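You will see chain A twice below: alongside chain B first, and alongside chain C after that.
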Partner chain A sequence: MPSASDTRTADTGAAAAHAGRRDPRGVVPTIVKAVALVLLAAAIVAFPSVAANPFILSVGVVIMSYAVLATGWNFMGGFTGYMSLGHAAYAGLGGYSTALLIVKAELNPWVALALGALITAVIAVPVGIASLRVRGASFVIVSIAFVLILLLVFQSWGGFTGGSNGLRIPRPFGPEVLRPEQHERFFYIHAALLAVALLLWWLIDRSRFGIGLKAIREDEDKAQALGVPTFQYKLVAFVLSAFFTALGGGVYALWFGFLDPVFQFSILIGSYMVLMSLLGGIRSLFGPALGALIVGYAVEFFKSEYGDTQFHLVATGLLLGIVVLFMPDGIIPGVTGLLRRFRPQASSIREVTQAELAEQRAGGAHTGTDSSGGDSTGGATRAPDPQVTEGVHP
Partner chain B sequence: MSLLLQSLVLGVLLGGLYALLAAGLTLYFGVMRVVMIAHSAFLILAAYLAWFWTTETGIDPMVSLLWTVPLFFVTGVLIQRLLISRLRPATLTMMSVLLTFAVALVIEGTLGFVFTGTQRRVQLPYGGADISIGGVNIAVVKLIAFGLAAASLLALYLLLTRTKFGQALRATIQHPEAARLVGINTERTAGYGFGLGLATAAIGGTALSLDSTIYPSLHWHWIGPLMAIIVVGGLGSIPGAAIAAMVLGVGQSLLQIPLGTTWAQTFFYIALFATLMIRPQGFFGGRLAQRF
Partner chain C sequence: MSQATAPTPGTAPAGTSPEIGLSTDGLSKAFGGVQAVDGASVAFHHGKVNALIGPNGSGKTTFFNCVTGMIKPDAGSVSYRGSSITRKAPHRIARAGIGRSFQLCRIFPRMTVLENMLAAVRPHPLHLLRSSHDRGDIERARELLTRVGIEHLERVEARDLSYGQQKLLELGGVLMADPETIMLDEPAGGVNPALIDRIAGLVRSLNAEGRTFIVVEHNMDLVMSLSDHVVVFDRGRPICEGPPSVVQNDPRVLEAYLGI
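Then we have the complex of A and B:
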């Protein structure tokens, strides 16, 4: 995710002036990032063996599950900017279709998992066609409505789904696998799923398809005018997002072994996904996973400390409000923006949001023709608000 | 036949309350392009305040309107001033949804924390009374709730069409820049518009407390239908919202006969998806609505 914008240059004059400085920026961070990635992977692999007790391990599984769901959400929310508050619908559908395929059709759990996610993706196609016809707020409304419909259907259709009594799912591993062992295996399954999702996100991020999606995020009308097939792109991203969310929901269902419509089709779970992604940074590869770590840990901490009171709703709401108001770009862009201040300024064309562009234009009025974003005095004068520098794609 | 008529009347009575609340949602959308997810949370908050007022003082819940309406109006102005107007214009619509969603969570959590999740109901001396007209039985409380909603809608209509403030508000909704050019303080007007929207939640909540059992998470059952109503009616059109509210309210009430209460609720969502497929901008809104 780092290099795509590093190699692009603004205008040749500025590029030549900064060429010497940019070189180390290209190589050293790549090594640093590779090392960090290996360390991260090692930490994840080692976690089950250093976890103090099965409870800690189970918290780890929950956080991993959140990370998968948030990363799945980010295929839609991050690339296209269409923030669905109802993605719990796909996690729930994935969980329920996996469970029903095991219970009713007596399929192998892993076949059921894959098939369940595929079924969910197929269901997501008509929902996507309907809801992607509208933008912004209407899209969010439809996403919430879809969760509420599913909650209603799964609660009322007791004969098939188990209704409010819930649905018990047999364990995929035999009785000889004890609970801590079970947690460990599911931790690794979730981690593998997360790795696949991250890899795909990274690939899309670098592809023409990804650039089209990001163009939709910044200005859908202009993207369409430039020939991006916006509707098809959005639909593919939507279905892909539903597919990964469903896989996450399915694996979670296999691990947890019990489904209840109230918890599966809960708006709260959907809002967790949004909160995690926004907190970490929706434009960053690891943003949603980082957000999942923070929010997931906080949620589990609140639950164990204060019990299952309504207080966690207040905490979630306050946190979401603070993130939306003060750091809508998330932690990762914020921190990288902060680090960038201590580095030599680059003058390449980077991804800039519409808002920043407008501010740059306003700020650029008194800096004359110098249009090289970052290091102009226009940039310095609009710097007091740290958010302004965050939108730059890492 | 009388069952059909009964459902029809109940549907109209319910539709009136929906219409008032949907009008509030439309006001927020009109002045700020904001979809206020917390609207129904404030509705339940007002219902709780009315219930609390009656259990503590023994005075009729409708008297609580005297202080909840001003309180909610001021809260609305403050929300617009302190929260919504801080968001970046480029991402305002999307972020405001998340922000008001956060407000809804905080309200729900606080209600659960303070009043616990127990179901509550206002005890009224006339709670069980009903009137029978032409074979149709109507609970008095439902009639009062409808009267309250209808009177408020009428007042809102008169305010918007007959007063100078109403003109300024409508101008702000139609074209903020032009409104500024003719000397309207659109910032302040938008704040008052927000306050008016929240005041409808106060009235609706009091009306709701008269005849239903309330609990903190009830607002999710209201926000879905309300959102469906404003999309079907066309975002930003108050008459559209009112008509859609009536049609959908009556439709839900009639469908309860063959389908039962639970499945009848899906009517709103089916109407929502049908609208998106046939006419995404809604049946009364302009082309503009599609973009938000």
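Then we have the complex of A and C:
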């Protein structure tokens, strides 16, 4: 084991150490990110004024709404890996509670919106306690069950919810605000909501709470064995997710002005949230929003081209198939992975020059002896071991 | 030390009476018709390296899982340092000071080595939204990574590590949570001899610093050289316990292992 293999393993170990100082995620420099963010914000602010006609603007509102819903979904799906196919339940509850608070309790629409989302979050607590006891496919089934129950309740309880006849919601802005301007305002309201959701997602992503959630996604038993209160963590993420999804549903209800249980509590809406998030990348901040842009645009395009056929479903299904085949982690990780491939220096930890290697060889021998830590058996156990110091294959 | 005969399970040898940390009383767990753990009463010596050995299928891992709360036992109790931890949630048991590794090494594959370590930090509920990359935490993580010998890989995704490196990372993560008792499920399983030596060295030095170990292991040389106290399991319950030199020659152990 010593001698010959000795130097080789020490070298690759040191090479890894050298590369390790670079951040593997730092493919895109911070300044580029900041510029991109500013451009993105500018594009969103400018969109209503450059939109060719009110129809395009309304498509923009729909896409923004999808982006809010998908980002809301990703508080649960992205952090914990629990794939809820029934998140339409919370969008629908948010919409209906907002609407009913306006219609029945005659509340101010914006107060109704906030209160409606809070009510939905409160409802999500017992639902979460019940459904988060199961994992994987079982959780998916339970999430679907809840949305189907709500569909039946809201259809049957016609006296209160309007049933299958639907529920009309008075416009929050006065009659002097015309349709195009109404679209514009709701575009910005959705955008502001999206910004808040993204900010919170980013905050959690970099936090201690976030690392605990991600540990759950990776290996729940292991996280628990390390002391992460997994159930509590999941519940908080679930309720947050329901809250933002409900806000999205509520704003949509105020904009659209009409709710029908069949569309509010549909598996399809929930599936879209999942599809969008998977498409963009559930581990990425902007993944669900990007997915919403693509899927939302595609759906609206196919609807306007092919009318009421179900072709848009076939097309989105194909899209998901293609992405899962070629970019299983979604578009954002897929593209950053490609970018990384064009920059071998930053990616492959074996990429070092001869000079660097020589330098490390000199330095490596030094660090090898002084870092034996608390090993009571001393140098003997520090014998270079290919298993341990072997380089990593990216 | 002077007690050559194996004492009955659950009772300490008279005279020297070692301090008992973790103990179980009549612990039982059945899977369908299989009684995996069958009324096991075991007492582990605090501050020592305890080994739990036994033939395959003798219930060692199930016993581990019952103790750490991963599986709820059908009957019996577990207590640690004088208080009951029976049927408590795994994270509560972890927070009581018991850390564990898993039989087939478990790490967080899509997180970096450093993030794997930071995931074991237990924040105060009010500090949950603080950055996970806390300066002090990172420093401690690096110290521990250096100690287990994989400090140069901190930014590598854990799934890209070799199996041996993953085992070291798992141990590092357990240490990050700072448990006073560490339960290792086959630390030497599937790793090369040089790494076994390193892991053994780590166990010794950590034990010298006051940490208790309970180790499930099949490598007899390792068990005999490492442990102060050995418990032998067969068919879900301890059949013999004592210092390694005694256990090694016990006819019941030979029978359980060789089926004589």
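Remarks
What we mean here is this: the second predicted complex is superposed on the first by the 309 of 394 C-alpha atoms of A that agree within 3 Å, B and C clash if a C-alpha of one lies under 4 Å from a C-alpha of the other, contacts with A are read in each partner's own complex, and residues count from 1 in each chain.
What we mean here is this: a residue touches a chain if its C-beta (ideal position, glycine included) is under 8 Å from a C-beta of that chain, and two chains touch if they have at least 3 such contacts.
Here the structure is a predicted model, which is why all the values come from computation and not from measurement.
Of the two partner chains placed around the shared chain by superposition, chain C is the only one that A:Ala225 touches, whereas chain B remains out of contact.
In the superposed model, A:Ser271 lies in contact with chain B only, and not with chain C.
In the superposition on chain A, A:Thr336 makes contact with neither chain B nor chain C.
Contacts of A:Val142 after superposition: chain B is touched, whereas chain C is not reached.
Chain A uses no single residue to touch chain B in one structure and chain C in the other. Of all the residues in chain A, the ones that touch chain B in their complex are 81, 83, 85, 130-131, 133-138, 140-142, 144-146, 148-149, 152-153, 155-156, 267-268, 271, 274, 278, 309-321, 324-325, 328, 353-355, 358.
Contact residues of chain C toward chain A in the complex are 68-70, 89-91, 94-95, 99-100, 102, 106-112, 115, 118-123, 127-134, 143, 146-147, 149-157, 160-165, 168, 173-174, 176-177, 191-192, 194-195, 197-198, 200-202, 204-206, 208-209.
Listed in rising order, the residues of chain A touching chain C in the complex are 1, 13-14, 16-17, 19-24, 203-204, 206-212, 214-215, 218-219, 221-231, 283, 349, 371, 373-377, 380-383, 385-390, 392-394. By the touch rule above, chain B contacts chain A in their complex via residues 29, 33-35, 37, 83, 86-91, 93-99, 101-113, 117, 216, 220, 223-224, 227-228, 230-231, 235, 262-263, 265-266, 268-269, 272-273, 276-277, 280, 289-292.
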